[in-house]
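Here the structure comes first, spelled out in structure tokens, and everything after it is commentary.
In order of appearance the chains are A, B, C and D, and numbering begins at 1 in each one.
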């Protein structure tokens, strides 16, 4: 038996998972409140560029982060705030990257969800969908070549990203190399405004697993326990050497594509279906039902979390933003190989 | 029941298919002898660039060409000489393109297998594997937009090409649009030197069909009757509106990747297996067995075909090759928007 | 009535759809949603079945357009951001661009690329790619700077029998306005004197035309008359108009939002230096974006791209020579 | 003993593998088969597990290399033909090239591109792509013209902490020979005076260096001393060496096998015209391939690319000015 964050053999014995569940819930709450705050700052015109949030996807996302260990690799998608936090990304990284603080990991050079800490296994995404999967493969192959065992990599993508050539090439590559890649597909039913029906024609994205020769796992993305169990299981199987794993979570994006998008194209039937449940509410009800929390503690947690968020925002708002005159403006690590382009502005003192 | 070149309901009644089978055989023979001639010219150092042949793949290929009708679309792979002939490509097109005759469809601008007649539905490939599939989709969508019904398109690719992002995007696209695309995969076990085991990890490429939501058909690519039946059936189903079809033929490349390649990496076990049978020999034996041909007629056909090939070569060798001074050197149809780059060589008479 | 650059693009597409049954639009979210920037707003409703949502498959999107063009259609492809055309790169430069040359048959596709930097868009939603596409034979690359050109050049792009890369600048989408749509226009391939002057020729294109004009305004107060040439199309490039201007002014500064190595500004300067060497009273100069990815933070972004201020500074130096 | 350009590339990889455990090779058919051109012949046997066959997935090939580089490895990627790098374009220009700038961490990958025209190779097996890659910030683009440079620059490429596009010319693979491998070499970023002269500076790179040298031989018989500069690296571009040469000769002709719009020759001319205007006694000139895809038939191909003859003709015209 492989071991998971939530040992699946004991799910019936709920008390055994209480700790993990509560931890997951608190992280989901932090992600939610942080993103609500960012969204409200966006609406107030206080953000540079767009804000992209993961409302409704926190249960799936947090399960990834909690199932990974130090030394693993994680390439999140744009809605993985919860997973990032669970994987260990400091809260300040998100805020600093949104605000472009020079103290953040991207130093104002890149923004919002385009952040990471490669040295800690958290890969900074480029925008091009699907492009991070092969990068995870490379990190995993590097580990193999270095003789490091037992680490896994998760690449998280949406339903829309499954249509990219990059997705296909990279998943097939992982399968050929039998890399410990876990590809998590958050099927939130839409890619921007495009519904599944215009994105693919298979009955379920899970039907793709066999065509790559990888193991497939379906999960209800609105149910935290299920997410912890299935994602945990997939990651454990990859870690145990069973090759790439594909997880397909069914859920609904409970927000716009970005905060600029009212998303009035979302089918009301979907909103009212099981898919449209808010995983955070579902988890809250679960907590209350099982007596793991009461209304008071829930309110306290929320308040405390809200404070954490406010403090982080307040702190970062006081931090320095990048100064173009101090910026090095070099795109190469090998500084001596950089070209200076000052000649573009002819120097009046130049000897011509 | 959909209708095919070889009505599958009556395969047991062999006499009904005699005509098609013989026609297919004669075309396979022509393709084989033409390519053997081209290969020998290559070895004699008489060709510009490489020679790529379809030895061992003629049964599959011819079945495509014969199952298509005028008005259909065909994007062949490099080993589809038989299918091209069956689809109606003049023999001279091949020879002229190899020799770069200005009378050929590519007028010496492109060579060898990079030829086509778009107006007749035969698409001229670019080299980049997988890239023609979406182009077939586009032609089929155009037909739909124009209200033309009942035509289909075949895109033919190898096992190696299935690993390209282009393959994935285009097949998914066809599935989403429910286009009458038939994707024929000639799994000849190798992509250049790379065996299937380093190309994909699924048990069979046929396992991919379901992941795209398309119908899949497997076939023994060494058996002409089976190829006619299965390819015919797939094309008929696409024509009848059942959406994209995937055909996976198992066979072996009985030649090098190109004629420069001795292919000593091919597993002898494969050569000696059923996959390693020469479809032309198998068909010949079938003809003899069923009394549809005897040794004399086979020899006569071969001789006659050989003559046809020799004549074509002799004719084309006398044809004009391109003259760079007559060449227009413009890459745009809108001639008035072409830039002249004569200025690169400063004109001594220029007013400077 | 007033109409924006973006609305002009929408109107041009509406008119193309209305007038030519061969036209259709294909791209992500272009259908009922009307596109990420609303450039196809209402068109799916107005022209049922002819404005088609695509999966996130840029390579197959362009490939499909080529196939449809071969069959006589006039597809307009919308790539959501120019930056994402890198994953359609092969179909653009190897499939579409070589088709006419190989087959002698036209390949009339229009690829709309929402280009250029905007506030807070960062390295992957701000790129301009005209310099890369213009390098390839077989492509026409248009870079409209005005509402009028956005409209007339897009209509012309659809009518042209060759693949056209239509670079629309996102920064101009909402803010740039005109009173009406034009009824006539300069043809593709002709540059425009956006402002007359006699001391220096400032060549620009796309959004940089407006920075150049602002720089010219600023320099006017110092007594300099700057001639601003709007290239309109970077391939073909209207060397004659540029050369005639340099013949009048004797000085050339070329400005682009792209990266400094190679590209439009190098091409313009090389043509003038090779063919109009004797016209120059001072070394030709260029100003481009800095040689790094496009930064996210507005402070950095503003310093990364040429602006009226940095253009004026570069022009001043050149005028003093 | 004599060693070819191709063998030098193989030897450089063998040495890199032997000396640095972080090096591995990844590409189609590079393993037991030794690569389409045999540039990795025997390496899989010599270095088990470190020379890895890839599926036909160029995008994922480069993506994987980036991931491995992030984890401290030094991958060498072989793309079977430079032309096919268009399908890896996004991973090269957006993933690899931006990584250092975004993260402040190195991304040491080497992408080997077998480049350039050879007899009968046609539009899709003949391309040179240095001009396109050099446009992007964050990439180093090398174009060795000699056996010695093929060896030393590939070794240096692997050692460099940034993504290197290594453009090897297929026409030089088998025919270009040297006696021995070099023990020391000019560093990357420095151009080389391949031949000294005083009447004209002929700038070239990659296979064109040999055409340029042959043109110089031809012109010598007419009494002209042509200085040939081999750029070696097109990004960074050694402006100083070019400028110093033009200072001596007063005339510049720049030759490239790429297409005429933009690219290396435009960049060189622009730099000289902007920064060394007064050095020029005549307009700078360039000679590139024609603005069409690379033709298949040898007759056309020979006329498409610059040759010793057309270079000499262009030089003669320039010398007469």
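Note that in this section a contact is a pair of C-beta atoms (placed from the backbone, for glycine too) under 8 Å apart; a residue touches a chain by one contact, two chains touch by 3 or more.
Quantities reported herein were computed from a predicted structural model and do not represent experimental measurements.
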{"item": "Given chain C and chain D, the chains that contact each of them", "value": "A, B"}
{"item": "Partner chains that chain B and chain D have in common", "value": "A, C"}
{"item": "Most remote chain, CA-based centroid, reference being chain B", "value": "A"}
{"item": "For chain B paired with chain C, centre-to-centre distance based on mean C-alpha positions, whole Å", "value": "40"}
{"item": "Chain A and chain B, separation of their C-alpha mean positions in angstrom", "value": "44"}
{"item": "Approximate Å spacing (C-alpha centroids) for the pair chain A, chain C", "value": "35"}
{"item": "Residues of chain D engaged with two or more neighbouring chains", "value": "54-55, 57, 59-60, 83, 86-87, 90, 94, 97-98, 101-102, 123-124, 137-138, 235, 237, 261, 274-275, 277-278, 282-283, 285-286, 290-293"}
{"item": "For chain A, residues that touch 2 or more chains besides their own", "value": "106, 109-110, 114, 126, 128, 163-166, 169, 172-173, 176, 198-200, 330-331, 338-339, 344, 346, 352"}
{"item": "Pairwise touch network: line, ring, star, complete, or other", "value": "complete"}
{"item": "Touching residues (chain side chain A, partner chain C) in the complex", "value": "47-50, 100, 106, 108-112, 114, 126-129, 160-161, 163-166, 191-194, 198-200, 265, 321-325, 327, 329-331, 338-339, 341, 344-348, 352"}
{"item": "Chain D residues touching chain C - in the complex, by the definition given at the top", "value": "59, 83, 86-87, 89-90, 93-94, 97-98, 101-102, 123-124, 131-132, 134-138, 235, 237, 258-259, 261-267, 269-270, 273-275, 277-278, 280, 282-286, 290-293"}
{"item": "In the complex with chain B, residue positions of chain A that touch it", "value": "163-169, 172-173, 175-176, 178, 198-203, 207-214, 243"}
{"item": "Sites on chain B touched by chain C in the complex", "value": "105-107, 109-110, 114, 116, 118-119, 123-124, 126, 128, 131-143, 145-146, 165-166, 169-170, 172-173, 176, 330-334, 336-339, 343-344, 346, 350, 352"}
{"item": "Footprint of chain B on chain D - complex, ascending", "value": "28-29, 32-33, 36, 53-57, 59-60, 81, 83-84, 86-87, 119-125, 260-261, 282-283, 285-288, 290-293, 295-300, 302-304, 310, 313-314, 317-318, 320-321"}
